[in-house]
């Protein structure tokens, strides 16, 4: 039965119409490391649940980025796994989010802005391949760096052109704007965790966040648990060090940490107790460094995006082969934490004793 | 006859006096990717046409950088092709341009400033080799990155020393200083295109710009056409998105795009219709990202230099071997778009059918 | 006798208690490239001479960073040579120095701040391995880059958390705050040179600086001389170009240049007359670029740390194999300038003909 599902999935991916749909849905899932069309579909619905504008924007971004990859004849396997699409989705979402009068629901972009967004999404494909080339020898993935780099570059430039509406929100969503005196209450936590997951996709909606968790869980329960752990850990660290209540409730400290947790917690490193501690370390550091990047970008008023996640995860994975306490999973072989661990245990068992 | 010209050129390059002159002129040509002494000579005359100070500064920079390479016993072939010189020429021009009371003509620097400029030009040689080492495995050229990096570092520091006159122009030449309401007229276009080419060498003189185009054309008409296409495309994109008329007329949006167009348009990628579309994509993105870098540098008041060109061209070339729609030309084999294409077609013809 | 000392040293390094002590002292020595426990001990005493708080902080940082390396099962040889420790020591010192009310003596950090410092020190271990992985193929060392990167990231973030006291000194220690009119007098020089060496370890105490020089000299007199040459050269260049007297006397222009001088002056390049001139060039450029980085960081109010040293030394070493005038010493083989040169001369003598 599992076999026939796989065969069905494979023949779907080759279908002239359903094939590309499969690539796009996987692309949406890949934002949170889930190479699974159903995960992508649930996440897309979570976006539509918050705002149809964001839902359409997400589809637009992933489609343009994937089309650019097809035009440039990129590696077919990567295209089919959605790896050229997810940064495009995020770039499109970011440009709509930060140029709309209302961040929460977004606004329909002008014609010129749509052209601009399309170029940004296409550029993520070029940047993805460039970063993959640079990091390839070290077996470290590009993560969302193509989105962060392209997002920043295209967001900065918006301010220079009369033809593009910058909106009121081009500024780091930073703790400064929140009341420092507010007390931590129950909603700080359950809304903070949900919002953190939502913020990965620019969704300021905690219910969408939990829907996204379900999307992750259909492919990997460990990854879903890690996402929750990252978001919760970040909220806890931020509270412990006196971060403002409003920022914690909005999930600002947590969306980078949640991604770090998924990446290190079983996906790029086999889950062991040492790598679990290493993941906890990464969650704490990512929480602080989100604040750090926010300070760095303050003079030019730019958002952090997922740069703290990219920076910490890169630094913690680049040296992976130098630390014998870790068991790296090369990006090309990474599937789910469950599967990665099983393959590792099997390989260990086969070793002569 | 072509053969005897080549022999003559080769024996010239070995001449104890004329040899180095040949290296320096090629160095000037290399700023716009023309490994041709005549191109370099015409460009030098275009600079003298605008201001003898810039002409002498250019020679000073290229000579110091090349001398540093000889002192350090760098690769002889690279020295002879002017590859150690062009970043030195640009660094010297930048330091004079941004510390002079009048950017247009420049001013004769003080003795201390001359020492400072000499060190900056020599440093570009060190940085060129460093970047070449890093990018070598990916077959991507250093471009003008050594100039951009050294230029920024030496320009920032000027502000800290009483002994160096910073001049009024240490600030990004940014669209903000122009009247947003001015209408686009005919001179916007023909002056804007000429100025964009001139700005590559810090020449705020549109006639010098067209003289430089002639310098490029004696070596490669395709490259000359690409330079014009890049400058014109940038002006068009800027106008479409509401960039200020004065900035377009001054060529500010276009000098990075012109370089991107030469680099991608046949020089580092064999010219095909797909790589042509890729070049157009690069021109548009470079135009926007010039604005983006200007915003990023605004808090510290630094000029963009050619960083947008370097950034976009690197990103678009680093992944070149991952895109089967592109035919890369390794830097060591790149000559002219015409020649690159012919060699490729010949190699294709030889392939068994 | 030399042999038996070596044997003794080796057995010490294996001792369950004295072994780790040996690693930590070597770690302190490695800040100034001295893989020697006695050097480390003298430097530690120089810190205690200025302030017991800094002495303890230094030990805390080097211990945590080394413990992290042991937990992650990093290369045992590198751990024993103190290479995982020295960036941790610097990160801890920086965090105490820049968050204390009095930079000169430091203050005992709060409990939360201690946790924060411990994470920062542990993070330098991760970053060290990451950078070593990236630079390994080019045979260039990570230098103090892990400290600079981690230091910046953790210092920026301090400003975001109520629970961490930022102190009055989070700002670049920049020449601006000094009286530009003060004349250069004798103490400008002898205090300036001593302070420059002290500032490497955040010690605003010129006597501590000269004690550190003694610590270096017990392992290598050439390195000690280079450190003095770097500090003196920087003071001279700064004075020549009109740097403020107070900044020169405080050693601010010199601490990066002193490190560049040790690194290039015989340690990573065999000492010849050409590499000596190359080192002088590096000293001058580092002095200017310290000012440059200070300007770049001014909008966010961050200190330069040793970034100018890292930047210049990396740029000057990355291309080392492209310059036949230089004789590189791979990091794994670099011991002392004296020893590096002797090995090179021996290898030359063995060559036929």
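We call the chains A, B and C, going by the order they appear; numbering starts again at 1 in every chain.
In this section, a contact is a pair of C-beta atoms (placed from the backbone, for glycine too) under 8 Å apart; a residue touches a chain by one contact, two chains touch by 3 or more.
Protein names from UniProt, one per chain: A, B, C = Urea transporter.
Quick caveat, the model's predicted, so the values are computed rather than measured.
For the touching copies subunit B (Urea transporter) and subunit C (Urea transporter), the fraction of interface residue numbers used by both falls below half; the interface is of the different-residue type. Its C-alpha atoms fitted onto subunit B (Urea transporter), subunit A (Urea transporter) is found rotated by 120°, rounded in steps of 5.
Each chain gets a centre from the mean of its Cα atoms; for subunit B (Urea transporter) and subunit C (Urea transporter), those two points are 37 Å apart. Residues of subunit C (Urea transporter) in contact with two or more other chains: 299. Taken in their complex, subunit C (Urea transporter) has these residues touching subunit A (Urea transporter): 71-75, 112, 116, 119, 122-123, 126-134, 152-157, 159-164, 299-300.
Residues 138, 175, 180, 238, 240-244, 274, 278, 281, 284-285, 288-289, 291-296, 298-299, 311, 314-319, 321-326 of subunit B (Urea transporter) are the ones that touch subunit A (Urea transporter) when the two sit in their complex.
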